[in-house]
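Each of the two complexes below includes subunit A, the first together with subunit B, the second together with subunit C.
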Partner chain A sequence: MTSARIFFIGGLMSYRALFGWMNPWIFVPSLLVSPVCQILLFAYIGRSAGVGDDEFYVIGNALNYAAIPCMFAMTFTIGGERFAQTLGLVLATPARRIPLFLGRSMPVIANGWFVAMFGVVVGSMLLDTDIPGSAWPLIALVVAVGSLASTGLGLVMGAINLVYRDGATLGNVLFLVLLIFTGTNVALDDLPGWMAAVGRWLPLTHAIEASRMLADGAAWGAVSGLVGTELLIGVGYLAVGLSAIRVFEWLSRTGATLDRI
Partner chain B sequence: MPLTETPAVEARDLRRTFRTRQGALRPTRRTVEAVRGVSFEIAPGELFGLLGPNGAGKTTTIKMLITLLIPTSGSASVLGRDVVGDVREVRRRIGYVFGGDRGLYERLSGLDNLRYFSELYGVPPREQKERIGSLLELVGLTGREGERVEGYSRGMRQRLHIARGLLHDPDVFFLDEPSIGIDPVGARELRATIAGLREQGKTVLLTTHYMFEADELCDRIAVIRSGEIVAEGTPTQLKQLVSAGRVLEVETYGVSDDAVEVARGTGGVRSVVVEDRGQLQVLVVSCEPGAEVTQHVLAGLDGTRVGRVSHRDPTLEDAYVELVTR
Partner chain C sequence: MRQQVVCFWLQLKILLFSPFEGFLAVVFPLMFATAALLVYQVNGDPAAMLYAGIGAAAMGIWTSQTVSATTLVQRERRAGTLELVVAAPTPFSLVLLPITFAMAAIGLYSVVATILWDWWLFDIALQVENWPLFVLSILMAAVTIALFGFLLSVSAVRYRTSWALGAALEYPGWLLCGFVVPLDLLPAVLRPVSWLLAPTWAVEGMRAAAAGESPWGDLAICAAVGLAYAALAAWLGVRLITSARRDATLALT
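Our next item is the complex of A and B:
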């Protein structure tokens, strides 16, 4: 009961506590306008270069942008607490760490899903792409799985914040890595073999591929393997993140790293 | 003071070393011994003070006791539970409050801050409302609990910290400089709250810089200097360390280091401290019983403008200053 309450109620309250500054004046430009701009940028580059089609760029970039709220927000759930000096107080409680940190991921996943879906919907409307109505529910599901996987990576980054106070800066690099390696704007088949191989182990790669197939009219059976792989990758990153939190929490107690803010 | 029952808190030869590294290409490594073999016991229901200057090792000691730091060597237990091996049980039974502005969720209301930590401490949902209500009453925040913490004064924040630390009804309470930066009225209210904890039978470990606070509240005090405990006893016992003597206070304007050294070198002088009081520098000279040092100290101040010269009995602060400046 206690763990369930920490997961659901605690997760939601900590999200309110840490992201109370996220008012519409910040949310709309940074998480709604920016992804649409990214979509338009790459769609028009594609048009002028005569490669790809608008739908390819809409889905790729909309899903890629889910990484911004998912990775950075999840990192901030630890890094932000560290800066506010609430992390030590949280870690001094007997609360179990798995529900404590996984509960924080739920609102983050929902946020990432909303941002990506907004990008797909608005990008499709602006560029007049033709995504069949029947594909939307499954695309929404795949986007949710992609958001979960990105949040898993964010949890790993958050864990690093327990011992390395500037861990959040890694997010800028990782966002670019995802932009290049996940087939967002260049299909995996067109990337060098090693880059495609790296991309297969990153979050979002399989979700982007599955969403594109669904938008082209593929049935669930054709994409279920991709979605399952994305889910496995996401769960894998979450597991690595939780294990890293355990290890790094111990290291923070031996190395006094939490005292440096 | 020998204890006849199982101590609520026990530290045995507690040590903590920090190793820091600076620079990437030619890193310089530094080792700091923050706590060097600290041992003490606190009896259940006792209010124990840990006094010392900045950097003496007070906070490091507390952090080891509340499981946030692992001792480099030595051991410690809270209510018989080892702080390294039995972490969850220790965390369940202790409360921790530190001084200053930070450590609260600014964008949440005071009530939501308390609700969140109630969840983390596993306070049953049916008890939360009543518990939070009574704690808000205890710390005098009833009626203000719905406001965001970012609008709270420092004193209100500190009282909210105390309420947070008491949510799960801990048996042992660690207060690390709780009154730092609080105005006199707020500090007085805080002292009343801390005194109330003792009346409830809580064991309290309090660190503070303020001697009158320690004198008023603590059953026993340990003075820590450079990571080592240099004296331990009741406030009265500590005062007796310097009570067999007198304190000479000389008001000066622009006292030189040489004059201070002359005073220190005077026979019968135990310690000399310069206190800045506005434009004045007051030379506080602690003397041996019967020592006549006034003429010699004043002679050393030749050329320095001197104001009022007075004698008084030693206070706990004098005992503290003498202990930490030896």
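Our next item is the complex of A and C:
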């Protein structure tokens, strides 16, 4: 019961307290305007290059942008505690780490899902793409799985943030890695082999591919393998993140660097 | 003049040691240029690759200003030095201007890095007919984008979360200035916005110089628009700072 309370209530409180992007002056330009602009940028690059159609770039970039809230929010739930000088108190509590940190990830996944879906809907409207109505519920489900996988990577980042202070720079670098390697703007088949191979181990790659197939009219059976792989990758990153938090927490304690800003 | 040089040099050193404004200001546009060139590479058209390669080289100058310039005043505020800078006998505009030029210098570094990166990764050897005018066009882009950054920094003086505004300007600038997309492809309604952005003309100048045509017309318009930014920023700077001092809102606490 205590773990459930920590998971739900602790997660929600942490999100409200530490994720400053709830402020509309930040949320609107960062998480609503920017993803749409990224979609438009690459859709026009695609038109100029004569590569792909608008739908390809709408889905790729909308899902890619889910990585921003998912990764940064998880990082800031740890970095923010340090900045507020409360990280030591959080880690000194007897609360189990799994509900403590997974609870913090739930609102993050929901937010990432909303940002990606906003990008898909608005991008489709602006570029007049034709995604069948029947595909939308399944695309929404796949986007949720992609958001979970991105949040898993965010948890790894959050763990690294225990020992590396500049979470904003690290987050941006990882976002760029996802932009290039996950097939966001170039299909995996068109990427050099080694890049495609790296991409298959990253979050979002399979979710983007599955969403594109659904938008092209594929049935659930055709994409279920991709979605399952995405889910496995996400759970894998979550597990690595939780383990890394344990290790880096121990290193921070032994080095007395926990609250160093 | 001494104040300008000292301020420029000091700020350049600070920026070079900043992971976010030094390292990321180079890597971020470099990776977006890579993504754009990967798209162009699918069809493998050498002319299209060269077109995109020239524009992609200058993307970093725009990036060097957007987030950094909009957060310039906020950084001084956080450091507790804003009141000192505003109260100093040197006009506030003359303090901001060399800082945005230092940011543009990071952008120039990004240009060189991107040209080398494109050459190494995509085998794009820039074929430029007139190198002196090509370099002049790049310098004009840097100077006018620095003046745009000056305007941004002044405009955001009372915007507490100005970094979000700066981040949101990144992609529209790359698109509207025609760095990697021909302006003819954009909806007609957006073209006047492109014409109001000085980098649009600098990029046109770069392409004209590369093709062996005269860039002087484009560069003249670029200079005129850049001077308009400077005049507007200087005018706004005085009024916004006076207003902030009068209303005691400089600290935004």
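In this text, the second predicted complex is superposed on the first by the 256 of 261 C-alpha atoms of A that agree within 3 Å, B and C clash if a C-alpha of one lies under 4 Å from a C-alpha of the other, contacts with A are read in each partner's own complex, and residues count from 1 in each chain.
Assume a contact is a pair of C-beta atoms (placed from the backbone, for glycine too) under 8 Å apart; a residue touches a chain by one contact, two chains touch by 3 or more.
Quick caveat: nothing in here was measured; it's all calculated off a predicted structure.
In the superposed model, A:T86 makes contact with subunit B only, not with subunit C. When the shared chain is aligned, subunit B comes close enough to touch A:A256, but subunit C does not.
Touch criterion met: A:M13 reaches subunit B, while subunit C stays clear of it. In the superposition on chain A, A:Y44 makes contact with subunit C only, not with subunit B. No residue of subunit A touches both subunit B in one complex and subunit C in the other. Residues of subunit A that touch subunit C in their complex: 23, 25-26, 29-30, 33-34, 37-38, 40-42, 44-52, 166, 168-169, 172-173, 176, 179-180, 184-186, 190-191. Considering their complex, residues 18, 63, 66-70, 88-89, 91-92, 94, 96, 102-108, 112-113, 115-117, 119-122, 125, 164 of subunit B touch subunit A. Across the complex, subunit B is touched by residues 2, 5-6, 9-10, 13-14, 16-18, 20-21, 84-86, 88-95, 100, 253-254, 256, 258 of subunit A.
Subunit C makes touch with subunit A in their complex at residues 19-20, 23-24, 27-28, 31-32, 34-36, 38-40, 42-43, 45, 48, 52, 159-161, 164-165, 167-168, 170-172, 174-175, 180-182, 185-186.
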